[in-house]
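Several structures are given next for inspection.
Shared chain: subunit A. Partners: subunit B in the first complex, subunit C in the second.
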Partner chain A sequence: MTATLSDFFVYSTRTFKALFQPPFRSKDTFQQLEFVTWQSLPVIVFCVSFAAMVTIMESSFHMKLMVQNDSLVPGFASLLILRELGVVVSSLLLTSRVGAGLAAEVGSMQVTEQVDALRMLGIDPIRFLVIPRLIACTVGGVILSLIANLVCLYCAMLISELKLGYSSGSFLTGMRAFVSYKDLVFAMIKGGCFGTVIPIVSCFFGLRCESGAEGVGKATTNSVVVASVAIIVMDFVLTYIFSHFY
Partner chain B sequence: MRPQTKVGLLFLLSVVLMVAFAFALGVLQPFSNSNELKVAYNFAGGIEVGSPVRVMGIKVGKVRSIQFEPQFKMPESGEQVKLVITISVSKEAWPTVRKDSHFFINLAGVIGEKFLEISPGTLENPELTPGQVVRGEDPPRIDQLISQSYAVAGKILEFVNKNEGSLVDTIDTLNKLVLNFDKMLKQLDKTAKDPEVHKIVKNFNAILDDGAFFTHELRGPEAQKTIKLLNELFHRLEPMDAKAIKKFLQEEGIRARLF
Partner chain C sequence: MPKLLIDVIDDVGNCLLFVREVMFTALTSPCSFASICEQIWTVTLQSLPTTALAGFFVGAIMTVQFTLQITTFGALGYLGGLSTSGTVREVGPLLIAFLLSGKVGAFTSAELGTMQVTEQIDAIRCLGANPIQEIILPRYLGIIISSFFLLAVGLVMSIFGGMLLGLVFSGINPEEYVRHIPTIVNKFSVANGMFKCLVFAFLLASICTYKGYSARGGAKGVGRAVVSTAVLTMVGIVVFDWLTSLITDTAMNVVLGNS
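Up next, the complex of A and B:
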């Protein structure tokens, strides 16, 4: 366990060091970015929409239960969606889709000795494999968290109009009373941080993959579990830090 | 489609969404149609940047900024005011904000959302100029009111404890007084219904009528003439002393006792 943590620390340091060393593989970075954002967008939008709808309906139910009035639900639900729900749900979905894919891809390369071949050719696997994915996931995390948040808010507005009886105008008025623009900025920063965690963890487990199909599966599972846990812990840390700015 | 194009489209979409969200929240107002006004307070009662500004209950703007100005003095009165709040008011509502308008800080909603309420001014007063500094009405400090109420309640309790006996006596006396007054009112009611009293009142009324007739006659020209003659007679009699009058009366054969 200690050895693994030590390896992870050394590997992370090397990764961040390599991040600022050219050459930057722009073509590969854009391909990864397309994989992370464009291809993940439908599933993320679909899932967060339902999460937002559930959130606003549950909020209304609980408010009515407690104070027999749900007039504040649009504001509260918007704030909850913007500060937590949109970014965390989209990052966890990104972990299960992209993180698992990255771990499996890098793990397969490790098992089939393609990583060793890169080393033989004098190419640093971190700079070659990890950096484009790291940049893609970080930028993708920011973009996806933004889109996911706004889609969530739109779906919440739809439900509040169709189910709860609040017009879009009153929803926006309620939202304005609670939400500030920095909530969105902090959500995007969170998205970027969560996006950074995913490729680092996934590639770490991929590069440490043991031989055989079982090894690849194990690396994939570990990467998803560890990245998800890391995201939730990091969410707490970032929320604590951001709370000083309110 | 190339990956670069797809990523570029998504990036563009993100920028558009960010701008749209800023516009929806009112952070960006490229087509702003409002004027700014500075309202000075010494106590702002918890109002915040972004709090709504209302005229006659309708939202017409919001609080733009709050500045601490320790050296600030009101231009006209010279009053020291340490807090200057910059607000925006839409041009549509601007003509209703006049020199005699009042600027209150109020509470609204279930959770007590703070807002700045502007009472509309009268047409006799001129409109305010954009950027002008006006004095707001400081909201009451609830904490101070509560503490003052506690102090007053304490003093009342102390007074009651110290003068418990006297207070009881006073209340007893008051009670008796009220009872007596009640009895008196009943007696009066009874008396008013008595036929004898009716008769007395009727007679008194007749006397008053006669008196009125008599005084009316006195105001007539004949009576005035008589009074004038009497007055002249008294003036002529004034220089005469008792002896002269006595002699005059004796000569006339009138017996009278004078002085």
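Up next, the complex of A and C:
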């Protein structure tokens, strides 16, 4: 356990050091960005729109319980969506899609000794493999959290018009009273932070993958679990920090 | 695009046929009780630390967010009840299902996929045993039953985390925090959360055993099965979250008789 942790610290400092050293592999970075952002977009948009419907229904339930009417639902729901829901759901989805994919990819490269081949050619595998994915995931996390929040708010507006009978104008007015531009910026910062964690964790588990098919499976599972728990813990820390700025 | 659609429909149909076969096996030739207990023990023990940690932090996050929202109304006394109600009804089952899909779902499909690819499942069939009865069914039931234990642990930890943050962040002492939980969380809320947990566990068990059992094509095929299990369970959980919310909402309106 301690050995793993110290390995992880050494590995992540090396990663951050390599982040600022040329050469930058821009072509690979853009390919990864396409994989992370564009190919995850349909799944994330689909899931987030369903999550928005659930949020509206649940907050309407709690409002009726507490203050007997649900006139504050638009404000509360948009607050919940912008501060927590949009970014957390999209990053958890990104973990299971991109994180598992990265761990499986890097893990099978390690098992088939392609990583050793890179090392033999004098290429640092961290700079060659991890850095493009790290940059792509960070940028992709910011973009995806922005899109996920917008889609989520739009769906919440739609469902509150259809189910609760608010016009879109009153939804937007209620929303303006509760949230501000700051919330979107904080959500994007959160998305960037979560996007940084995913490739670091999954490439770490991929690079120390044990041989055989079982090793790759174990690396994938571990990376998904550790990344999801790390996202939840980081979400708590960031929420605590941001709560002083509202 | 039409081909993709047909593939999706094909996959869903195959999965349903697989579930039907598992159910049929469960009714006609059930597996031994000991093997189910073994699976429950493995699954629960495997994900207990993760679930407890995640539950603790979820409770903490809910408390911080609710504090920010309800101080403007001066209703800080209701903090404990509100955040517990939100966790029990909605967030707890959802998050535990997400974590289980990452941990147990990926592990089970990797295990079954490796067994399938290395022809161990064919070997079992050769020995005259039914692989669904011997291998799939204990895992299937084990995941469903142990998800309830994990839900209980996660919810208790979330109340504990919320209580701690209520003390540290919003200045509510634990007695005050606990006092409003029974007034807001009623038995319908708990039943709602348990129903959701059951549905998610059922979905997760079906997808991961199906994907693992139908893995083909070497180590790459196992990797593909694992990744598609993770993505599919996440999507399925979110969709069924909405569906169960709709069902319980309607059911409660019918039972209580209001609008």
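Throughout what follows, the second predicted complex is superposed on the first by the 246 of 246 C-alpha atoms of A that agree within 3 Å, B and C clash if a C-alpha of one lies under 4 Å from a C-alpha of the other, contacts with A are read in each partner's own complex, and residues count from 1 in each chain.
Keep in mind that, in the parts below, contacts are C-beta pairs under 8 Å (C-beta built on N, C-alpha and C of every residue); 3 or more make two chains touch, one makes a residue touch a chain.
Source: prediction; values computed, not measured.
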item: Touched partner set for A:104, first subunit B, second subunit C, both or neither; value: second
item: Chain touching more of subunit A, residue-wise (subunit B, subunit C); value: C
item: Touched partner set for A:167, first subunit B, second subunit C, both or neither; value: neither
item: Touched partner set for A:92, first subunit B, second subunit C, both or neither; value: second
item: First, second, both or neither for A:180, with subunit B first and subunit C second; value: first
item: Touched partner set for A:220, first subunit B, second subunit C, both or neither; value: second
item: Contacts of A:50 with subunit B and subunit C, given as first, second, both or neither; value: second
item: Partner chain(s) touched by A:246 [first = subunit B, second = subunit C, both, neither]; value: second
item: First (subunit B), second (subunit C), both or neither touched by A:233; value: second
item: Overlap of the subunit B and subunit C footprints on subunit A, listed as residue numbers; value: none
item: Residue ranges of subunit A in contact with subunit C within the complex; value: 43, 46-47, 50-51, 53-54, 57-58, 61-62, 65-66, 76, 79-80, 83-84, 89, 92-93, 95-97, 100-101, 104, 108, 111, 213-214, 216-218, 220-221, 224-225, 228-229, 232-233, 235-236, 239-240, 243, 246
item: Partner subunit B, residues of subunit A touching it in the complex; value: 30-31, 33-34, 37-38, 41, 67, 69, 71-72, 142-143, 146-147, 150, 172, 175-177, 179-181, 184
item: Residue ranges of subunit C in contact with subunit A within the complex; value: 50, 53-54, 57-58, 60-61, 64-65, 67-69, 75, 78, 82, 85-86, 89-90, 95, 98-99, 101-103, 106-107, 110-111, 113-114, 117-118, 169, 184, 218-220, 222-223, 226-227, 230-231, 233-235, 238-239, 241-242, 245-246, 249
item: In the complex, subunit B residues that touch subunit A; value: 3-4, 6-7, 10-11, 13-14, 17-18, 20-22, 24-27, 50, 109-111, 113
